[in-house]
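You will see two complexes here that share chain A, one where it goes with chain B and one where it goes with chain C.
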Partner chain A sequence: MADETQQRSVELHVPVLTRVEGEGALHLRIRDGQIEQLQLAIFEPPRLFEKFLEGRSYEEVPDLVARICGICPVAYQMSAVDALESLFGIDPGPWVQDMRRVLYCGEWIESHSLHIHLLAAPDFFGYDNVMAMAKDHPDEVRRGMHLQGLGNALIRLLGARSVHPVGVRVGGFHHAPDEREVDNLLRQLRDALPQAEAMVRWTAAIDLPERTQSFPSVACQSDDYPLVGGRIVSDRGLSIDKSAFEQQFAEHQEPHSTALYSLLDGQPYLVGPMARLNLHRDRLPAAVTHLMDSLPIDWPSANPFHGMVARAIEIYYALHEAIRLLGAYRRPAQPFVPVTPKAGTGFGCSEAPRGLLWHRYDVDAQGLITAARIVPPTSQNQARIEADLRESLTDFGLDQPDDALRQHCEQVIRNYDPCISCATHFLRLTTERL
Partner chain B sequence: MTESAAKPRVAVHKFSSCDGCQLAFLNLGETLLQIAELVDIVHFAEAGPLDPEAAVDIAFVEGSISTPDEVERIQRVRANSRFLVSIGACATAGGIQSLRNLAEDNQWLGQVYARPDYIATLDKVTPIAGQVKVDLELWGCPVNSRQIVSAIRALLFGVVPVTEQDKVCLECKRQQRVCVLVAQGTPCMGPVTRTGCGALCPSFGRDCYGCYGPAENPNTQALARRFEGLGLAPDAIARRFHAITSGAPAFHEAGLQQSDLKRQEKDHGG
Partner chain C sequence: MNSIRVIGVGSPSGDDQVGWHVVRSLAHQPLPSTVTLLELDRPGASLLRYLEGMDAVVLVDALRAGFEAGSVLSLTREDLLTESRIWSSHQLGVAEALALGEALDLLPTRLALIGIEADPSQTSLKQLSLPVQAAIPQAVAKLSSLLAEWSQATSSPSPTIPVLTDRQ
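Presenting the complex of A and B:
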């Protein structure tokens, strides 16, 4: 290992990065106190979804693409219906659009709560996992699990189950819940508002590392805080139709990873809760911005460690939004509009819990898919995570012991809540010091 | 409560999958904390505990086997586990990714990745039981928390859990649902699909799409004829069987028969 005379060489090997959705590996080579190589490797066996979709009917797409990710199946369903309905020239109407927001709010609440409490927070309180943390912080953990449960309940209301829900179809929903069910859940959501507020304050009070980094934030843009569809914008002046995505964002492959890297004009960029808050604070209701104003964080933020607080704020927002929309709930005569397929290419986008999720489908006159392309948020954040790690590790101190370095890397990576299942997967950390 | 040394040791392993079945644990809330009191969760990477090589009493395995590395890993999991439970359609039937086994050639990787040589995969995706002995299979895409908790409970009492074999139709009738096959003529897979989901799709007024895999003795031919009567073309019928659980033998064959029919039609039809 070490050639102590000229260089110091240490190798650190950590088999699997824990507490990310899916698994990945990180390779770090430090030479003479400088980072020589840093690679976030995602090598989940590719599941080749784009190919399965070829030859399937448009009607099957929502059920099939859900299986890309168990943590954000709704996101895949929403980008898919957005793409197909755009192509077919269908407007499913306000009831469907509202209920899609409600369903999506459920997924944000579920996914963000899972991330904050089970995956990220144990880091900041010095525990290996939530089971250990729950022994000393039972109330915070229970509160988080309760919120996660409410997110799941929202998905069940419109989807029958929270993982791979079965309610979504092109044109709308298979089923509309009755008013009594909605009222029951509405009551629970209202009761949870103070808990969600306390949870936001709790995350904002955690002592987070100070970082200032420069990166473009990218998200969808619609009249409301973005969920389904709209234009794609950045805080550096980009504003494009979703059909122009492929002209601006280029994906490429690197030998160390099965996830493709996406770059904007050749540069890393950020998608996800922080990018959304950085871009769209002005689209939040007053209740949410008041809470944000009372926190010791200024938005837009350039500190990736604020990602966890951004998630907490979005939980609070999603609760408010679901309450607003369900408060006006009326059961429609029919929860979908009829669909006639059309040949052509459809583009769709939506805001998955982890950020922009872009889909493209080529469809023939029978409504069969002839080609598909899916760009998930984690492959978009992959280059940004590597850029962040380079800066963060230098700030943290490359001379720190291996264990501390590894822990810090994991913490930095978890800020992005990478869903490696989506981007395909495995974190192994190897450090070479030369 | 018994002390830690006497607690059963449990591991949760992930192979090629979407992580959705692990959520059957992570969505348990309070119950997860209770389970963590009753058993020692020694390996569950997504939840934190990491010790993939630990010897355990019960190993839950999510995902299918699709790389050479996974073949080796599942052998070690088997060697280290007293009782191995495969959870979900990926683990029990290969899952949606085994659709790739049906592709005529192996060009798919090259069509998604510019450099397929960077990626090591097996020619065929297999379920866990295609590689090692499995003691219990819990079907579903995803499995639900009820299936997981009742399996753990039974195993803690030292009995082998009973699994569902009945058809979704039975559950649907128990709930007195309107039959979507009869009333709306939608191609419901309920007559051949294993129950366990609670007949969720028919309860939402739509057709079951078979994510719990084939029930015991499914009459797939009769159902295919029924679908034909509804006006479905052979390839549309094939797609019903070749979806989430295309790797399960009964659905695999039923789908292939339809694809053959389609081929014959093409040959004769000119």
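Presenting the complex of A and C:
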């Protein structure tokens, strides 16, 4: 136990965060038993993608933005086509919209399965990495990798390859798969439902730290559980058109990070699976809500550690949604609608695996991009992660040894599934106890 | 030996493409009919999917092991599973994927890696460096003799074998 003399001042540095997508660090300074400074530093070099897009044709945008991330390329493609089609006044029709949901479900399944099994779960079972965890829990890891493989197969079905897919165009898809391919994958998706249900129950049975924190949840809103487009809403009464994002959400730079911080009314907010479940569980099909009702977690949840269970539930949902949409699959005569560009500004949003991904494009009369702005989910969550760390570390006990503090910090950060490669625009922890 | 797969692992930049070049050269050699050839672009943990159902797998990849550029190294199953590992944050490398495969009991009985030391001074993103380019015949020869040793003496040679790819 800490007595007065042990209420030391400490400075803790985690120089390289592992098991996150990208490079970052954490600096923590504790003075007289109080957190004096806490900075999540993202030091991947800025990606400058917005500048690369300038002068390019609207037709190139889906393939270019897919290169921003190898884990969530579909998200970038979906926000981009949403923005450009909104500007050009194009409705690609129900077939394209349904298949975009299927493609996006593939990405949620792939990305969430990767995060749960390979990145986050070892924290909750006390392993250094998935290789160590796999020795004791081989069936769970194999199951997770099988689900991830199905997500990849869905992306390949519509995107021609599973990483950086190339099947998306403004107006629809370059290619529609034939019915035999669809039926084949549909069978595998149906077979995986019991495994996905067991995986949800497994994550919900994990002994997660108890936390209660207050934060606004922000997500897109559409008639169905949100994937592509719609309004932007919060559980604190915000409901805006996607074109009004820049008026409500302010981004700013902090010297310690190459990612921008985003605030809503000056406050941190949460995007991602838990924000979506907190806002939109009434839009889930009965099969998913029945499973949720049988779990020992009440939604909406104020415990950020429920993020992993939310991710698992979304895998189960995405399987159901892909099965529903592919079950009615018919190959169209043409998998896209014609596009005529026009000058102006287009706004797009979609729900990346890690949360709201907002795009804006200024386009000239020839359809060339003159300016672009991309606000990825990890930079939106960055301020929330720091706020969570302050609360979590205080709850955990600042008098804990440095190693325990560092582990807890990493666990809190990883729980958000930060994609730092996307946001640069992870953990070295440095702690000072003074 | 019923099913043997040779997998070139790499990415489309500089010497990291050498695994693909070696596999393409191998495709022009007479090979046992039980051999399949594959090129993978930074597969991460999904490498394990391509090992499933195989009796034997040879990986071909560029290496940075401190040898002279263009050196061709043969690593055994034991070498591959005892090498010190660095956990990459963005994705699993070949060594991590194999360690995961071992923990999950997914690895084929026979496993080897032919590694070609990359040239650290190579600046071209498009082309192989000269020493790495020059090492391809030696890597192909090592592969051929390994495949001959692994395959059943009875299997008949197949003149051309298609190379499958899964690119990013």
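FYI, the second predicted complex is superposed on the first by the 418 of 434 C-alpha atoms of A that agree within 3 Å, B and C clash if a C-alpha of one lies under 4 Å from a C-alpha of the other, contacts with A are read in each partner's own complex, and residues count from 1 in each chain.
Assume a residue touches a chain if its C-beta (ideal position, glycine included) is under 8 Å from a C-beta of that chain, and two chains touch if they have at least 3 such contacts.
What you are looking at is a predicted structure, and each value in this text was computed from that prediction instead of being measured.
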Chain B and chain C placed together on chain A: clash or fit? clash
(message) Contacts for A:E181 in the overlay, against chain B (first) and chain C (second): which applies, first, second, both or neither?
(response) neither
- request: Quick one: classify A:S57 as touching chain B (first), chain C (second), both or neither.
  value: first
- After superposition on the shared chain, which partner residues are touched by A:D98: those of chain B (first), chain C (second), both, or neither? neither
A:G149 in the overlay: touching chain B, chain C, both, or neither? Say first, second, both or neither.
both
The chain contacting more residues of chain A, comparing chain B with chain C, is B
- Query: Looking at the overlay, what does A:G167 touch: chain B (first), chain C (second), both, or neither?
  - Reply: first
Clashing segment of chain B (vs chain C; choices 146-154, 200-208, 218-226 or 254-262) is 146-154
Interface residues of chain A shared by chain B and chain C, listed 16, 18-23, 70, 114, 118, 129-132, 134, 141-142, 145, 148-149, 152, 161-164, 421
Within their complex, chain A touches chain C through residues 16-23, 70, 114, 118, 129-132, 134-135, 138, 141-142, 145, 148-149, 152, 161-164, 421, 426
In their shared complex, chain A is touched by residues of chain B numbered 14, 16-24, 26-27, 29-30, 32-33, 36, 41, 45-50, 52, 66-67, 70, 95-97, 99-100, 103, 108-109, 111-115, 118-119, 121, 141-142, 144, 197, 200-201, 203-206, 209, 211, 235-236, 239, 243-244
So, in the complex, the side of chain A touching chain B is made of residues 15-16, 18-23, 43-52, 55-57, 60, 63-64, 67-71, 73, 110, 114, 118-119, 122, 128-132, 134, 141-142, 145-146, 148-149, 152, 160-164, 166-167, 169, 174-175, 252-253, 255, 258, 260, 419, 421
Touching chain A in the complex, chain C uses residues 41-42, 45-46, 48-49, 85, 87, 89-92, 96, 99-100, 103-106, 166-168
